[in-house]
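Look at the two complexes coming up: chain A is in both, with chain B in one and chain C in the other.
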Partner chain A sequence: MNNLRVERWNPSVKMFTVLLSVILLSFQYKIMVTLGVFLFCLIMMIFFSDARFKSIIKILIPATFAALGMFVMGLYYSKNNSITSMDVSDISSVPYALRAAMSTNLISAAQLGSRILAYAGLGIFFSLTTDEEFFISSLMHQCHLSPKFAYGILAAVHLVPNLGKEYKNAVFAFRTRGIRVGVFSLKPVFAMLVNSIYWSENIAMAMQSKGFSDNESRTYYIEPKVGVYDILLSIAILSLIVFAINSAPI
Partner chain B sequence: MKVCEAAITVEDVTFRYQKRVILDHVSLTIPEGKISLIMGASGSGKSTLSHIASGLLPEEDESLESGEVYVFNQNIRNLTNNRRAEYVTMMFQNPDLQFCMDTLRKEMRFCLENISVPKDEMDSRIERIAEELSVESLLDRKLFTLSGGEKQKAALCCLRVIKSRCIILDEPFANLDSISAMNLISLLKDLRDDFGMTIVAVDHQIDYWKDVFDSIILLGSNGKILSDGITRDTLSSHSSLFIKEGVFFPDYESFKQNRFASSISNDKEIVTLENLVIRRGEESKKDRRRRLKRNKRGIFKLDEADMILINQKSKISFMKGSMTALLGRSGCGKTTLFLSLLKQHSYDGTIEYDGTDIKKIKLKELSNNVGIVFQNPINQFITQNVLEEVKVSIKLWNKTIDSDELDEMALDMLEDYGLRDYKRQSPYLLSQGQMRRLAVLSVLAGGQKVLLLDEPTYGQDRKSTETIMSNLKSKMESDGLTVIFTTHDRKLAASWADSIYELNDKSFINVTEESEGRESFE
Partner chain C sequence: MNWKLKDVLMMGIISVLFGVIYLGCTYAGGILSGVLTPMGLSALGYEPFYGIYFMAGAFGVYVMRKPGAGIISEMLAAIIECLLGNYFGPIIILSGLVQGIGIELLIALFRYKKFSYPTMIAASVICSVLTLLYNLVVSGYNQIAVPVLLLMLAVRIISAIIFSGVLTKLVCDRLAKAGVLRGYAVGKEFAMSEE
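And then the complex of A and B:
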């Protein structure tokens, strides 16, 4: 089973596949395709990845709201046959569901809503099934990202937990010195940023001291490679989308 | 290995930082396979010298004004970072800012990648070093969960895995308790004895090193070499030089003033603690569930009892106008206690300020009465200029003061602390010792009645320590200030504090009577 995890899919190839899928979806309006992509992402995440179900749901909730919002917007304000406020007030005694079903805008509303879901699905799929370090080393190997940026990004990512703590410290420092700090005060933010510059200098120095240099050759412990399966998976998914766009009825 | 007399040779080096001369024609030689200490008063350029010797300064677009640095007979300028790392690497003061990966294993891999070790050899080399330094248990733990001592050990592992022939340490024991520091020292000693490693350390105090060092280099101002090659045998004959320079000297009764000289002005209690229970972190329900889950899986076990940092049943009172020292291992909860005293950390039990439960005092009012100096001074600054930093505090407390008077007052204070020359500089560009002094000063300039100081004298030379402590003392006598400070330095506590508590097994024990200072005094 372990061989069938999407985590093993080369992150750079995965990234390009996701990007291309987004572009393909942008130029079509077929509900079956967009919903299909969304469902495909869900199935991949639930059955073929180690992504936690809880985190999937957590991100899906706001996405669903956004999709619903788009749906409602499409329902009332689409280009053809838009329902004016007059119409709405005229038939307000009719239940909402019935009104919606009666509306000729139902399809365009579903198109808009499902597109949001598809984009969200692709985004979640990529972010939850990609290990950040594997992704960055893949960017170094497949996309020629310079090690300076790559390790800089990693160091920064690993410092993020400290930022919140630092902000709290700064607020506390101001308060104990008798200076008022409001919720939106920028003073502690500034202090925190000055501190983080100091951190970055320190860490850069520590990295150099340990022999890190940008232009010298180095070996790699993790060396992501692009295999036949990586490409095949990508081609399969993209052709499926193209095929669906051409043949789906709605 | 080729026998090489000198590990590092610094020849006639002059270095300026923003027009200020830090090192003025400095030359020195570090012998191979020895432990050398670089000592000197605060601001003597020790830290800068160590950075230059390890090739980290000058930065890429800068250059030395004069001079050359050689490591193992190679000009350091001609070495790329990865080649240089095999000769000399550096360990830094702040254990939090040394790693770019999130676990030690990954960090060690990063080091090996830098020096182009083939992938297949990496794992075995990492395992071997981890076993050698017995850090196997740390390898896969997230680095931010390690204690300060463990982090420094991890940093040492990284340098060891590179097989660096010389290690330069810049105040490695900052914020470490004595047990962790001694562990690190014995590790360094083994590295010298078993592998012939050269170790150079910048430190303010000899205490930890006194049984293992081979030679001391004493720096004066602008890195002038005052004495080179002081050995353990000749150390005692140099005591006057150390004392003249204001550098700590072992067993020298440096503190003229003594706690017995001052009497407690009155015996009114100002801060009292009773039935106090302080827990590690503020554990939300979610964290608790996670912890229990982790315990079940047997990783990183923390029991209910381990979550409690302080469990103080008996009552402790801090008297008005007195100085109290708190001793204890680092991470044992001294800093957290301070946070609780300022309502920044939850606790059970009662903390009273001046007879009122602090839960009933508004935070603003409380911080008008209780001030704090943080362990890490960089968290403390609120302005961008040294003079401003002091002025802000004075102004807050003397609203009517006119600006000339304010300037004069602030400058006088800076003068006392040896910071007047830096008045236009940003606090963030000061040296570590200077930063800490400024942090103490800026709080002392305020009018709070109780000061909590977290390691106020770490990284200070003797002269600055004396200035800080005697300023506190005189403010105690004039304004009835109450001081509570934490320290790892028992001698300091014994010489200055009116009472000393040690945090041992989660509660404070009054050790004033049995403390070393008293014995030597009598």
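And then the complex of A and C:
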């Protein structure tokens, strides 16, 4: 059963499959296809990955709101029958104008909203089923990302938990000097920028003093490879989308 | 291209910092977008913060002043945001590429020699237009009525002018004056002007 997990799918191949799917979806407007892609991503995550149901729901909430927002936007302001192009000077006609626009715009609204859902489905599918180190290693081995970029990205990502602490330090430093710092004050942000630049110099020096070099050959802890199944899965998904685009009625 | 490890780390950490600021703005944008949803203008809620998206690229090309700096910085920022759990996942790497090209296009035409306020502002405007063209195709904005699109573009341009046009240059110049950017192209310019 462990062989069927999408976590094992090569991350670079997975990334290109997601990006190609997005490009395919960009040039079509069929609701059944976009909703189908969204459902497919959910099914893959629930049955063929180790992604926790709770984290799927948690990340889906903002995505659903974004999709809902686009849906309502399409409902009001589709180019076919936007309420901006109607005569709304007569106040009594406004509700009618709204209703008229809504009834004809329902399809474009659904197209806009479901497209966001499909993209979010693909994005969440990738994010929740891809280990960050495995992803970056794969970018190094399959996409020829140079090790200095790869380890630079990882170092930066791993610094994130320190940023909050650093912000508090900067605020305290200003307070001890008797300088007021509000919530929207840029002063601590500027101090953090200065420190970030010093950090980057220090980390670069630390890495180099430990023998990190970009030009010499090195060994790797994780070495992702692309197998036949990685490619087959990608081809299967993309062909399924192309088939759906060609055969779905709406 | 000649990128040093410390350049990569600098851009990476700056991207993380912008990423966190951006995340804060996304919450604000989310609330604004929610408020605007009943009026059908939810997508407009995110537009005031668009300029912050462009800041990583603008910062990179302004500080390093060499070909590819804007595009690479913006893509680094996008990969990092993808790792931090943006719900659009690797799709934002694609938007990062478009944003990077948008901000660097004009600066490349000037051969990485002009970095005045008008240049940075014009680059931000071009970036806004280019990213909206990308949204027209990829996000399906071509389904939206033209007046609404123009309103969105206007808000996006204002945001870009403030954040990636003016604020980025202001902050970089102050950092350079403070001597923090001595190892970079922008720092050398300030060192020369002080002599």
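A few notes on this one:
By our rule, the second predicted complex is superposed on the first by the 225 of 250 C-alpha atoms of A that agree within 3 Å, B and C clash if a C-alpha of one lies under 4 Å from a C-alpha of the other, contacts with A are read in each partner's own complex, and residues count from 1 in each chain.
Heads up, the rule we're going with is that contacts are C-beta pairs under 8 Å (C-beta built on N, C-alpha and C of every residue); 3 or more make two chains touch, one makes a residue touch a chain.
Only a predicted model underlies this, so the values are computations on that prediction, with no experimental measurement involved.
When the two complexes are overlaid on their common chain A, residue A:208 makes contact with chain B and with chain C alike.
Of the two partner chains placed by the overlay, only chain C lies in contact with A:70; chain B stays clear of it.
Here chain B and chain C are compared by how many residues of chain A each touches, and C touches more. In the superposed pair of complexes, A:20 makes contact with neither chain B nor chain C.
Touch criterion not met for A:42: it reaches neither chain B nor chain C. Contacts of A:199 after superposition on the shared chain: both chain B and chain C are touched. By the touch criterion stated above, A:149 is placed in contact with chain C alone, chain B being left untouched. Once the two complexes are overlaid on the shared chain, A:120 sits against chain C while remaining clear of chain B. Contacts of A:223 after superposition on the shared chain: chain B is touched, whereas chain C is not. Contacts of A:163 after superposition: chain C is touched, whereas chain B is not reached. Judged by the document's definition of touching, chain A residues 155, 194, 198-199, 203, 205, 207-208, 212 lie at the interface with chain B and also at the interface with chain C.
Against chain A, in their complex, chain B makes its touches with residues 51, 54, 56, 80-86, 89-90, 92, 94, 96-102, 106, 109-119, 122, 143-144, 158-159, 162, 342, 344, 363-364, 367-368, 370-372, 374, 378-382, 392-393, 396-397, 428, 442-443, 446.
Residues 15, 18-19, 22, 26-27, 29, 59-60, 62-63, 65-66, 68-70, 72-79, 82-85, 108, 111-112, 115-116, 119-120, 122-127, 132, 135, 139, 148-149, 152-153, 155-157, 159-160, 163, 189-190, 192-194, 196-201, 203-205, 207-208, 212, 214 of chain A touch chain C in their complex. Taken in their complex, chain C has these residues touching chain A: 3-6, 8-17, 20-21, 30, 33-34, 36-43, 45, 76, 79-80, 82-94, 137-140, 142-148, 171, 174-175, 178, 180-181, 183. Here chain A touches chain B in the complex through residues 133, 151, 154-155, 158, 161-162, 166, 169-170, 172-180, 187, 191, 194-195, 198-199, 202-203, 205-213, 215-221, 223, going by the rule given at the top.
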